[in-house]
Amino acid sequence: MSEPEAVEDGLAELEALPGGARAALEAVLMVIDEPATSEELAAGLNVTVAVVEDLLQDLQREYSGYTGKAPDVDAVGFAAASTAPRGFELRNVAGGWRIYSRSEFADIVGRFVLEGQTTRLTQAALETLAVIAYRQPVSRARVSAIRGVNVDSVVRTLTQRGLIEDSGNDPESGAVLYRTTSYFLERMGIGSVAELPQLSPHLPGLEGIDEYYDASRM
Amino acid sequence: MGPSIAPTAEAEAPDAGTSEARKAGFEVRLANFTGPFDLLLGLISKHKLDITEVALATVTDEFIKYIRRLQELGEDWALDEASEFLVIAATLLDLKAARLLPAGEVEDAEDIALLEARDLLFARLLQYKAFKQIAGILGGTLEQEGRRYPRQVALEGHFAALLPELVWRHTPEQFAELAAKALKPKDSAPAEVGLDHLHAPPVSVKEQAEIMGYRLKLGAPLSFQALIADAETTLVVVARFLALLEMFRDRVVAFEQPGPLAELTVRWTGDDAGWDSSSLSEEYESGTEAGRSGDGANE
Amino acid sequence: MSEPEAVEDGLAELEALPGGARAALEAVLMVIDEPATSEELAAGLNVTVAVVEDLLQDLQREYSGYTGKAPDVDAVGFAAASTAPRGFELRNVAGGWRIYSRSEFADIVGRFVLEGQTTRLTQAALETLAVIAYRQPVSRARVSAIRGVNVDSVVRTLTQRGLIEDSGNDPESGAVLYRTTSYFLERMGIGSVAELPQLSPHLPGLEGIDEYYDASRM
C-alpha cells in the first residue's frame, strides 16, 4: 500500500472508474461513521496522502459552491464560480474528515434526526467544560477552586455526555485528572484543542496566576 | 450544582421579591448564579464597577445580604457550597473593614496579609471572569455546531457481509460476569467518591484524649510536638489536636505559645481525679468521619 | 402541514435558503439512516409530495450524471448531459429514499471498510452488548446512562455485526429500542435469552438497580 508504484497504479485505477478518484473518495465518505483521517482515506483508496488531501479540498469547496474543478464545470469553464452550495458539507474535525448536513437546514433535518439531538448544557456545565478544556489534564479540585464551587456532579454529567474523560491520576496527589475527548472536538467543529479561542485576551495580566494560585492552595 | 439547573434570564435575582424567591426556593439561587464568583461578578457589573476598583463597601453589603436571604429561605445548603460563599464574604468583610479605617500606610504584617488576600481574591475573580466569557463562547459554538448533523449511517448490507467473522471467546458465564460489571452502579454515593484511599483505621478522639490526659497528669508541661511524637498517622495527629481543643474547653489543659508558629506547650490544669474523657462531645466519636465534609477538597 | 397554502409558503421559504429546496432535501437525505418515503420527506420539508418527487428525481439523475437541472448547469444548458456521476447515488428501496455509495465503487469501499475493522469486539462493545442483552428492549440513552458514556458508535458497530437490532420504538419517548438477534444467540451457543445465566450471583443487591438508574436519569 505504501509502495510508490502501487500508489501510482491506484490512482490510475481510480481514474478509470466513472467519476474518477474524486467519486471514489465520495463513495468512501458515504460509509464512514466517524471522522476519517487523510491517511486512512489514502490507504483505503490506494493513493498518496497528498492526492487525497487535494481531492478532499476540491470536494469541500465544491460542496460549498466555490468550486472551479467539478467535472461538469470543467467543460464550460466560466460557470465555475457560480454554483449553488449543496445541502451538505465536508468538514475536517477532530483530526478527520466527515460529511455533515449544512447548518442552514438544521430545523428541517432535526425533524428527521431526533436522536443524537443534544440538550443544551447548563451555565455551570459550560464553565466547567471551559476550565477543563483550557487546563487539561486537570483534577476536579482544581476546577472547583477556579469556579469557586464543588463541581463533582457537573463533572459526572460531562463524562456521561462523552465530552470529557478520565486521563489517569496525578502522580503527586493521586487525584483523577480529566481531559476533553475527541467527541468534544467534533461537537466544537475543531481539529484539536489548540484551535480553541485564545484565553489570554480574556485574562489581562494574569500570566502568573497559576503559580500564585497553586502556591496558595492547601 | 445540579446539572439540571439551567440559568435563567433573571440576572437581577438578588433584587427579586423575597416572596417570589421563597416560592421557588433553592432553584432561584442556583438558577441565577453558578457560584460565589458568579454572584460577585454579577454585583460588580450591576454597579458598573471595574473589578480592580471595586467599591468594596457596597458590594460586600450586597453579597452578605444575598447570603443572608438564602439562609432565610431555610433551604438546606450544602456545606462545601456554603463555605465557598462564606470564605469570600469573610474576605470581602476584611477588606471593607480595612477600607473603613483612616487612610494610612501599610504598617504591619496584618496589612500586608490583607493586601495579599485582596489581590488573590481579585486574581481569582478575574480568572473566573475569563472562563465565564470563554464558557459563553463554547456554548455559542456548541449550539452553532449542533445545527450540523453528521452522516453516520449503518453500513450497507453488502459491505457488512464482507466483514470477517467475529472472534467470540466468551462463555455465557463470562458474558454474565461482564454484564454484572457493566450494570453495577458507578457512583451511587457521590459524596464518597475519591475517599477509598482513606480507609485508615478509625481513630477515636476520646481514646487520644485519654492517652494525652494520662501523660499530662504526670505533671510536666509537654510540647505539642512531644505529644504527637508517637502518632503513626496524620489522623492520630488530627485526633489529638481535636482532643486538646476539647480538653481546653473543659478547662483541664492550658496552652502557651510565645509567638505565632512558635512551639505550643500544653500544661495540665485540671484536678487529677475530676476529669475523664467521657465528657468529650460525641460528635468526634465517629473517628475518621470527621474529615468527610465534601469530596472536592479531598483530592 | 397538509394545508395547501401552508405548503406553498413552505416551498418559498426553502427557496430562500442557499441552495434552495433541492439543497434542503439533500441535507435530509445525507444524514438519515432509514430510508424515508416521499410523503415523510414532503411533510418534513413542508412542501407537496409532487414537489418532493420532482426534486428526488432531479437529484437522482444529477448524482448519476444525467442532470439537466443542476443550478450550475442551468446557466450553460448544453453542458447538461456530460456531467460525471458522483460517488453516491439516491436509491428508492422498499418505498423509501436513501443515499448509498455508488455500486461501481463497491470494491474500493469494501477494501476501506475491511481495513478499518478488527475481528474482535472491543471491551466497550462487549459491555454495551452485555447491558443490551440483560436489559432488552432498551434505548441507547438508557444504555448510555448505565455505562456512563456515549454509546452511539458502539451500538452502530454491534448493529453492523448483526449482534443487536432495532426492535421498534419506545411508546413513551419514541426512542429506538434495541434487542439482541438470533445471531447473538448462535454465537453464545444458547437457544433463547432466557438461557443467559442469572445475574444475581455476580451482583448481589441488583434488584433495585432499575429504580436507581431511572431515578438518576437527568
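Order as written gives the chain letters A, B and C; numbering starts at 1 within each chain.
As a working rule, a contact is a pair of C-beta atoms (placed from the backbone, for glycine too) under 8 Å apart; a residue touches a chain by one contact, two chains touch by 3 or more.
These numbers were taken from a predicted model, which means no experiment stands behind them.
S.K.: Between chain pairs B-C and A-B, which one is joined by a greater number of C-beta pairs in contact?
M.R.: If we tally the contacting C-beta pairs, A-B comes out ahead.
S.K.: Hey, which chain ends up farthest from subunit B, C-alpha centres compared?
M.R.: C
S.K.: Quick check for you: compute each chain's CA centroid and the global CA centroid, then name the chain with the smallest gap between them.
M.R.: Closest chain centre to the overall C-alpha centroid: A.
S.K.: Would you kindly tell me how far, in whole Å, the mean C-alpha position of subunit C lies from that of subunit A?
M.R.: 21
S.K.: For subunit B versus subunit C, what separation do you get between their C-alpha means, in angstrom?
M.R.: That pair's centroid distance is 46 Å.
S.K.: Any idea how many Å lie between the Cα centroids of subunit A and subunit B?
M.R.: Comparing mean C-alpha positions, subunit B is 36 Å from subunit A.
S.K.: Give me the residues of subunit A that touch two or more other chains.
M.R.: 29-31, 33-34, 88, 99-102, 109, 113, 116, 157
S.K.: Taking each residue of subunit B in turn, which ones touch at least two of the other chains?
M.R.: Residues 3-4, 149-153, 155-156, 159 of subunit B each touch two or more of the other chains.
S.K.: Report the residues of subunit C in contact with subunit A in the complex, numbered from low to high.
M.R.: 14, 17-20, 22-32, 36, 40, 44-45, 65, 70-73, 75-76, 79, 82-88, 99-102, 104-105, 108-109, 111-113, 115-116, 140, 144-145, 148-150, 152-153, 156, 174-176, 218
S.K.: Touching residues of subunit B toward subunit A in the complex: what are they?
M.R.: 1-7, 34-38, 78, 80-81, 84, 88, 120, 123-124, 126-139, 141-153, 155-156, 159, 187, 190, 193-194, 197, 294-299
S.K.: Taking the touch rule as given, give the residues of subunit C at its contact with subunit B in the complex, in rising order.
M.R.: Residue list for subunit C touching subunit B: 30-33, 98, 100-101, 106, 109-110, 113-114, 117, 119-121, 126-128, 130-131, 133-135, 146-148, 152-153, 156, 159-163, 187-190, 195-199, 202-203, 206, 209, 212-213, 218.
S.K.: Using the touch rule from the top, collect the residues of subunit B that touch subunit C in their complex.
M.R.: 3-4, 149-156, 158-160, 162-168, 170, 172-173, 175-186, 188
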